[in-house]
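One structure is given below, encoded as structure tokens.
Think of it as A, B, C and D in the order they're written, each chain with its own count starting at 1.
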Amino acid sequence: MTLEDVQGRPDTRGIALDAVGVTGLRYPIVACDRDGAKQDTIGQITMAVALPAQVKGTHLSRFVEVLHDHATEISITTLPVILGALCDRLSAPAARLRVQATYFRERHAPVSRARSVLGYDVTWFAATDGDTMDVEFGVHVPVTSVCPCSKAISDYGAHNQRGHITVRVRTHSRPAAAAEPLWLEDLIDLAERSASAPVFPLLKRPDERHVTMLAHDNPVFVEDMARNVAEQLRDDVRLAAFGVHAANDESIHDHAAFATVESPRPGSLIDTAWNRP
Amino acid sequence: MTLEDVQGRPDTRGIALDAVGVTGLRYPIVACDRDGAKQDTIGQITMAVALPAQVKGTHLSRFVEVLHDHATEISITTLPVILGALCDRLSAPAARLRVQATYFRERHAPVSRARSVLGYDVTWFAATDGDTMDVEFGVHVPVTSVCPCSKAISDYGAHNQRGHITVRVRTHSRPAAAAEPLWLEDLIDLAERSASAPVFPLLKRPDERHVTMLAHDNPVFVEDMARNVAEQLRDDVRLAAFGVHAANDESIHDHAAFATVESPRPGSLIDTAWNRP
Amino acid sequence: MTLEDVQGRPDTRGIALDAVGVTGLRYPIVACDRDGAKQDTIGQITMAVALPAQVKGTHLSRFVEVLHDHATEISITTLPVILGALCDRLSAPAARLRVQATYFRERHAPVSRARSVLGYDVTWFAATDGDTMDVEFGVHVPVTSVCPCSKAISDYGAHNQRGHITVRVRTHSRPAAAAEPLWLEDLIDLAERSASAPVFPLLKRPDERHVTMLAHDNPVFVEDMARNVAEQLRDDVRLAAFGVHAANDESIHDHAAFATVESPRPGSLIDTAWNRP
Amino acid sequence: MTLEDVQGRPDTRGIALDAVGVTGLRYPIVACDRDGAKQDTIGQITMAVALPAQVKGTHLSRFVEVLHDHATEISITTLPVILGALCDRLSAPAARLRVQATYFRERHAPVSRARSVLGYDVTWFAATDGDTMDVEFGVHVPVTSVCPCSKAISDYGAHNQRGHITVRVRTHSRPAAAAEPLWLEDLIDLAERSASAPVFPLLKRPDERHVTMLAHDNPVFVEDMARNVAEQLRDDVRLAAFGVHAANDESIHDHAAFATVESPRPGSLIDTAWNRP
């Protein structure tokens, strides 16, 4: 029995769609890290294609087929390949892919060297309109931040809290051959350098003493964290663009303070405002 | 045209249901506070009745009708009334109601007295099996906590963070006539006394200095916060039971520390607050 | 005792920040609706200003002061006023404000006319760079959608599910005097017209029969929902821009299908990709 | 330099704590499945011990050490081992462990046999008071449900939606030697049998036709889903207890309907799954 391809019906409204696809798709993926090692993790996937005005619908099952075929290797080098497969499989003029996952790194406590593993929320994003290929990736890095104002105006102590630094970078579509690629690990390292202290899953007493004083010696406002990251990225010739979002879960309030910088500046004020990971 | 009452069909599986109802229902409600004032807020509602083994289904629309009729006054005194209406309207042997809402209080900064408003997550819960009527209410209170260990072992500074104290109480079904009722405001006050310092939406510089030093002078472990609350509740003759859950969003980790105490002790290890899908 | 204005210190990194402010601030607000009536609701607030390169930090407490002064009237007409106050209070060249809230409307069941109240997630957004003033607002509308493909290829039945239509509009900074303003209620109405059927908190049996058949008679793909909304907005002279995001919580999958259209098309593929409410 | 063991200080308040530990700890784990295969996944971990009245605090770093040592094998057989390690390492009279994770299974579309992978939210829980050892595990299974009332009272069509069945079981501490163990896969299978139809990540057109008609032929209320599960578990001699929570994301409402059954019945109305802060 042949079943009608209802999606293939013509559409007369004359409205092309920027994106049609699937989102909230949870899938086992394999991520490649800086050391060439691979780690099994779990992706939250959004895949979409542009739909021309004259076509009624796309074929959603094909997105899952393409994902199933490519989930065993996710990295900034494979994303364009997956986009190509999407455009082919769905006869689409443009396509997008976003993969959000937990990315684990082994951490060593600063004094005892005790080992543990910390998970970071990472995002890979790629989009093509057939001609250009944009690739972005980013990472959310939990940190410790000590408030410089609180420290300066108080006789002792200083309020501090868990902070969050999200760094996003867009690489050039045609990187210079010589250029050493930028890795998630690099973004994590520079984010942790930009706060009062890193966080660790496992700290023994000498480690706790160390991070307490390290943080107290390096107070930073949320503005400082955003600027410290931007300072390390603004001259990076490998980057076409970057964005930083720093936030503090203020320990003296029940709300957060935040600071953002986008480079280059977005064309529209609105685009950034709605434009938060 | 008469439409069949499908829910009214008989059921032969011989399985009575503990609870059947609606959840995730968002509704405008009016909450009564200690000063007799009323505040408009938003309730997240769960309502359920017990379903005897021989009945196939309940009538979900009637839950919304009962809620719509009673949403203009939510307090521990009106919950039993609503439960009564549920049992009548649905011919049910037992019923339950949970209302989660934001409850606002005006806060004055400790030095400048600057005014702002802080929202607290509150929960009202009531259940009846026809004979007994259990009523619980609770509140989640954000606080500041300074780590005593970090302070003691470091030459200067001390890690601190936003903490969360959730206090739940169950009042006696037949309170002693003379007893002054316990209010949400009372639970908020005793929770804030149990931490290193309260949090405020608005703090000017002299206030920030004050709370920074206040917190540093009163370091508490998450265990201390739970015990400080329990110490104030354990001899309260108005209470049939209480539960405390204290947690710290550790600023040196990306996970939380927590401590709980339930009085009386739950019968089974499994029947505890945090063992739930 | 004078306390140093640490935020006022100079900064030498030469990095201006696009936005510095507070987020996750929960506050009681009063929203104005189409009929001029006001409703008490709860706002989730994000407020920010631009920070020049030479200034170390902003003064976060002033954001809360400005909000506290203006929370009693939130609408697209008052947002610019609040932004003006932010720029003045913080001596800032640019400012932004986002208010997310629940907005309630009374609903009448289609046949029985039974009354209930449905809450919608709404967002108001405004941004100014001193010269221009951009104002956006949007609403998330839950709907029912029946799959045209499932209906066409099956002998009986059709899978359907809860859908979600988010409509965002940006009005002209200088609306034509004659123009009737566009209201949230208008966006809700056109979104509900764009799906298979609206949803209601309360439906009696004749209503359930009605919406079941209404939806079955009007099957729509997620692409259709997005286009149906866009078709009603594309020629609206009051709008400088609009965006539609339609999604279905597919009942035959554990993931969602979605479709988006932005008008005018965003300059960069990436800007839309990260650009979801 | 010796650092004081602040947690080891005596406490005089006379309040023992039911649970003190860590929560929200994200860790890479290896889960064992029915076929003996192992899968790498990500655990959300809660670990706690009971704290006697006379001790001020516990040592949180030791929880992470124990987890790090045992994360490479998580199953109902290894949980008691981990609890033993916790009691030893922390000199605790009682301990608890909860692991929440995504558990993947390959799915084959019903007609095309097209392959994809579906992730399920699973929970393992174990608690010991030194004498007894309670072990629970459960799984959340997304399904499709067609409303019997809507189908019966309408001339055509029937509203349906994504449903959610959560099944929890507690096994006997000393299972009969001969007993075949119960697996997560068994719970998933019986939950899917209890709904109108299973869900699949990937369905081709013939599959969509199949599941549409399969679901329409098997309408179930949320009450039916809960009872269908309970019917398959109530006589299972391997179980000491079980709980079922079924919910439907009603496609004609913006709220959910739910039904629960616990066996044996909880002692107190308050001690039920959904009555928790």
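Keep in mind that, in the parts below, a residue touches a chain if its C-beta (ideal position, glycine included) is under 8 Å from a C-beta of that chain, and two chains touch if they have at least 3 such contacts.
Because the structure is predicted, anything quoted here is derived from the model rather than measured.
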How many degrees of rotation map chain A onto its copy chain D on CA atoms, rounded to the nearest 5? 180
So which chain is the furthest away from chain C, centre to centre on CA atoms? D
Which integer distance in Å separates the CA centroid of chain B from that of chain C? 30
Between chain A and chain B, the Cα-mean centres are separated in Å by 35
Sequence positions of chain C contacting 2 or more other chains: 3, 25-26, 119, 149, 153, 201, 203, 205, 209, 254-255
In the complex of these two chains, what residues of chain C are touching chain B? 3, 5, 25-28, 39-42, 61, 64-65, 68, 102, 104, 114-117, 119, 201-206, 209
For a test of understanding, state which residues of chain A touch chain B in their complex under the given definition. 118-119, 142, 144-146, 149-150, 153-162, 197, 199-201, 203, 205, 208-209, 211-213, 215-216, 249-255
Across the complex, what residues on chain C touch chain A? 3-4, 6-7, 11, 13, 15-26, 48, 51, 56-58, 60, 94, 96, 98, 125, 127-129, 132, 134, 136, 148-149, 152-153, 168, 170, 221-224, 226-227, 230-231, 234, 241, 247, 254-262, 265-277
